[in-house]
Amino acid sequence: MAAISIIDLVMQFDGFTAVDHVSLDVGEGEFVTLLGPSGCGKTTLLNLISGFLQPTSGRIEIGGKDVVGVPPEARDTAICFQSYALFPHLSVQENLIFGLRQKGTPRTQRNARLEEIVGQVDLGAHLDKLPNQLSGGQQQRVALGRALAVRPFVILFDEPLSNLDAKLREQVRIEIRKIQRDFGLTAIYVTHDQAEALAMSDRIFIMNNGRLEQSGAPEEIYYAPRTRFVADFVGSANILDAEITEELSQGRWHVVTPIGPLEIQSKSAPRAKSLPICWRPETAIAGKEGPNALTGTITHRAFQGHFTDLIVDLGGTSQRLQVLRNAEGEGDKVDFSIMPHDLIFLEPDG
Amino acid sequence: MRQPAPWKLALLLFPGLGLILIFIGAVIYIAVAQSFGYYNLQGESGWTLEFWERTVGRRAYERSVSYSLYVGIVSAVLSVALAYPLALWLRKPFKGSLTVSAILKAPLLIHGIVAAFLFLNVISYHGILNQFLVSLGVFDGPRRLQNDDNAIGLLIMQVWKNMPIALLLLTGAVQAISDDVLRAARDLGAGVWARFRKIIAPLSVSAMQASLIIIFIGALADFTFQTTIGPTNRQSMAQYMDWFKERARWNEAAVVGVTLMVLSLLGSIGLAGAAQLIFRGRRK
Amino acid sequence: MTGDTTSIQQRIDNMLKKLLSVTALVALTTPAFASGQATWEETMAAAKEEGEVYWFVWYFEDRFRVFAEQFTEETGIVVNIPEGDHIANIDKMRAEAGRETGDIDVLAYGYDQLPNINMELFAPLTMLPEDAGRVSTVAGVDGGDVAVAWWGNQTGIAYDPAKIAEDDLPQTPADFAAFWTANPGQMGFNYENGGSGPSFFLNILRNLSEANFNDGASSPEKLAMLDAGITFFNEHAENYEITTSNSDSLTRLSEGEFTMVPAWEDHMAGLQVNGEIRDELRFYIPEMGMFGGGNAVSIPANAPNPAAASVFIDWLTSPEIQTQFNSQFGTAPMHANADDSAALVSNAMRDRSRPWAAKPFRDTVEERFIEDVIFER
Amino acid sequence: MTTTYVLNRGLMIMLLIICALWLIIPFTMAVLWSLVDPSQPWTPENLLPPAMSFYRWEFAWNNSLLQPALLNSYLLAPSAAALTLLLAMPTAFALGRYQFTGRELAKLLVLLPLVVPAFVTAIFFTSLLYQIGLAQYRFWAILFAHAILFLPFAIRILTVSFEQVRQDHIDAARDMGARPWARFRAAYWPALKPGVLASLLIVFIQSIEEFAIAYIVGQPGFVTIPTLLYSSLGQDFNRPNAAVLSLILAVPNVLLMLLLERFLKSANPALASGKG
């Protein structure tokens, strides 16, 4: 049984549709991410799950029970806020046990839980401090600990790491994932940071304009984007408009693109005669190999350490390549190849 | 924050705090001195406890003290209790919220005495309220509603006049509480009352205290409402003081005046302390 | 005071100009009046020179402003009437006594207040033309040569003839008790903010005790003599109402809430003339007696316009003006030659008038009444 | 979303009905009372006054001290508000921006004028004025007394405002070479503005309403709206004349209210400082 089921959910504000017929399931103990640009409806969806908003239509089930109409305080969810939303007048300890107090948990059990949480989030030295006496990272941990303390059935993260610096963020990502696994929590994580989503999630749901564009494991999303939007939003991609000229054999097609004719190997058949295709910059191979050997002019070169970024002008388009080593400079010609199985059919536009 | 040079501090404090101390200090000094027999307008001046002994022993004095305290405390608590839900309702602007807040603040700009007059007009023996209730059959005949013995009319007017002050102060305070904090509390299982009790009240406790004190002191020393719509079998302290003043008994008036000052101070401390204790509670 | 405020405060402006520029003149002329050397013609001339007079009176200010216009027409002297309160006006004069020039030209006050006022604060009225018809002693209080009566007033009971016949009107404490018992809630009286109610309860107390109300001395023994009266009020507490003021009593009588209320004759007549209460309401003085008295005017010794003040007082106390007061305001005329045919009560009934209870005894009785009757309700 | 919308609508309609009951009925009755002609009084048997005229309106406008009272009050109140603000600023600055021993005590002492009953203050202030020989400068005396009496409000409000001025904003302004005035505009004013407007507003209202000082210091002749109201509406009122006065004085108040609502909108602390 799914921990959370969302069935044909619609949310409208004054004629504007923020969530547009979304259906999804989250399994128990699963860590899923709602990924999308700002305004895509992911935060609205989070608020619908937590109960701060009531849907226009559709159903939300948590643990098999329909929760539409149940107020947030009665739902077994806990949110980790982007702003942390710590209670400024309460000490760290009071913040941590706030939810337990509301539930009327007996004192002994509360203390045991507090000890456990304090150990998890490493706040032992700060229990009597007020939130404004803590650093950003510590405040973040209080927010996490506060949400964990109530042992929610589902924990909801609303971009919890966006106020941390990059180093700390990576460290906390690992911590969150570890705690989630240790507690066996079902977690829904909202973010616009695709790297975060790829690194943390069991499954990613990509949202755009209120609709669910694609869902799947991070690798699946990355290597098999279904739409132009997903391909572009997750990782970087070179997207080309293609015209299918002929099916060469089982699973092999010949297409015409602005950078020239290409051969594609795909498990799924194209959905139309003309449609966008894409390829990932790091799949480019230096030199001329295979059917799709190309030559372009380097217009921009950026050394990134473990690889080098090249922007190449090819048939009037700019293609991005990531290569391990290259000796050419800007203005030089470069030869590269794309393997047919690295080219992906996307869904036709519109 | 820094520690400034003493001369600079003195210079800064003089026009505000300095003038207050000089002005009020002189007034308090003369009032206290008069209650002990000095500064007599007629007759001899000199130290005596006579006026205190004579006044404090009176039942009228005890009655006026307890009655004024009752009016002061009930007005303050009721006004604040009524202002809180309104302030929370108006926390987020919505269509028509400005109109609502303007209407709610209207009493600030209607003179208390005009309001009392209009109120009296409505509740009088043949006033519209009586006629309405009689025609509905709720009352058998007109009833005397004005100057009721339980001071209900007076308290209604006190709250009507003072609630906007509390609303003004509390609106600012509750608007400063971030949405996320309230949502976090809700999300962690806090219902309406728990959110108010644990989050909203503690975070707006200074505004609450300020409202309580301002309203308490005003209602404690009320004269105009009491003499127009208050109960006729009670006297407020201001009324009692005025009664002495009317009879040129300045020393006894000063005794009541000094009592009023002391009670204002103690009552304010009491109310503020109670608010702090109840809503701030165990603070570690 | 500087320009921006004076420009909008015409009255204050006038007065201050006087203060600043005419002080010398006043200083020169005052001794002449004080020693009674100036002739009435010289006083008239000086009064016109001064051109205005400040009259401090604590009631009917609006109507007196209109009423005094005929004085201005006759003499060219402008009468300024500030808003004021009875005791506050007297306190003000006391407070200003130390100043060379005060703000008050003519101070009006109740005769019952005169014993509390240091008469040396007033200038003698000896410069007024000789007139034997003027009244200086009212209700047993002698105004000497500094106070003259200009307003006579009487307390009594106002009643609604539609609800009670003249023959049934209560006349004695026992009658009132019977009326209260038969008609609960049909009578109300005030114990503060005006003297009509106090006149009523003081006279009941007076009738039910042996204490001498004309002697101002008070003692616990004397107050104890009032026990019977206090019990009388407490026994009937359920059957009468307490109002907030003279006006409150009359307004509620007029609106039909009460059958009878204590009132001032002049106050009631004034309200009737102005259509504020019903014309049908009647007034009587019960046989047990109720207090009557009057109001005096005096000129403070440091009046800014002493000559104009004298001329104004002469006019105010003239038979013609006293007759007008009687017809327009319902006062008891305070001049022997005035016509009092328009009064609410007959001359025969005026015999029931009693002088006000003497202070400080009166204060202690009122204090006891408040504590033992009002607070027991 | 929709439920809160419905709730708001419902509450608003309820509130408007209550306000209508509270404002429209009394004022309608006041209008009727004010039209009672002196020839015939209005008694409960009649639904409407038997004879109606504007006599009382003309009389009140021409013969009472209404006109000077309006002028005095509406000159006094803004002056008091401005003076109070001026006097409060330095103290509020010290209390809000500096840490010094006795700061808490100073904050408490500032409240002193609030615990002394106005009548007591008025009487002894008058006596003081006479002793130093300044009693004839009534306008200035009342202005001064009002300014001091209402200082606690201004100082406490502005102290909070000064506390909210952020040091990093000041430093940033200095860093960018702002002169004192520019620094004030950039760093102080945004945080102070709601407090300044709120204290102006509160002192204005308090001054317009203040009775004891205006009454006792102001005599003779210096009449303000409350003193006029007390002498005609207080204990010795008669309904028709009191009704006229109430209505005439309601007009400037309604205008003022509209004006202040605009003020308040810009003084709204949450709108001015952003959330939290």
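Descriptive notes on the structure:
The first chain written gets the first letter, and so on, giving A, B, C and D; residue counts start at 1 in each chain.
In this section, a contact is a pair of C-beta atoms (placed from the backbone, for glycine too) under 8 Å apart; a residue touches a chain by one contact, two chains touch by 3 or more.
Since this is a predicted model, take the numbers as computed values, not measurements.
Common neighbours of chain C and chain D, by the contact definition above: B. Summarising the inter-chain layout, the chain whose CA centre lies farthest from the centre of chain C is A. Looking at B-C and A-B, the interface holding more C-beta pairs in contact is that of A-B.
Centroids of chain A and chain B (each the mean of its C-alpha atoms) stand 56 Å apart. Chain B and chain C have CA centres that are 36 Å apart. Rounded to whole angstrom, the centroid-to-centroid distance between chain A and chain C, based on C-alpha atoms, equals 90 Å.
Counting partner chains per residue, chain D shows two or more touched chains at residues 44, 127, 235, 237, 239, 276. Contacts with at least two other chains are made by residues 83 of chain A.
Those residues of chain B in touch with two or more other chains are numbered 126, 178, 227-228, 245.
Those residues of chain B that touch chain C in the shared complex are 41-42, 58-60, 63, 124-126, 142, 144, 147, 149, 227-228, 232-235, 243, 245-248.
Per the touch definition, chain C reaches chain D in the complex via residues 1, 5, 8-12, 15-16, 19, 54, 56, 59, 61-63, 65-66, 80, 82-85, 88-89, 92, 95-96, 98-99, 103-104, 193-194, 244-248, 251, 254-256, 271, 273-279. Interface residues of chain B facing chain D in the complex, by the touch rule stated above, are 1-4, 9, 11-17, 19-21, 23-24, 26-28, 30-31, 89, 94-96, 98, 100-106, 108-114, 117-119, 121-122, 126-128, 131, 168, 172, 175-179, 210, 213-214, 217, 221, 223-224, 227-228, 238, 241-242, 245, 254, 257, 260-261, 264-265, 268. Residues 50, 52, 71-74, 77-79, 81-89, 91, 93-94, 98-99, 102-103, 128, 146-147, 150 of chain A are the ones that touch chain B when the two sit in their complex. Residues 178, 180-181, 183-191, 194, 198-199, 202-203, 280, 283-284 of chain B touch chain A in their complex.
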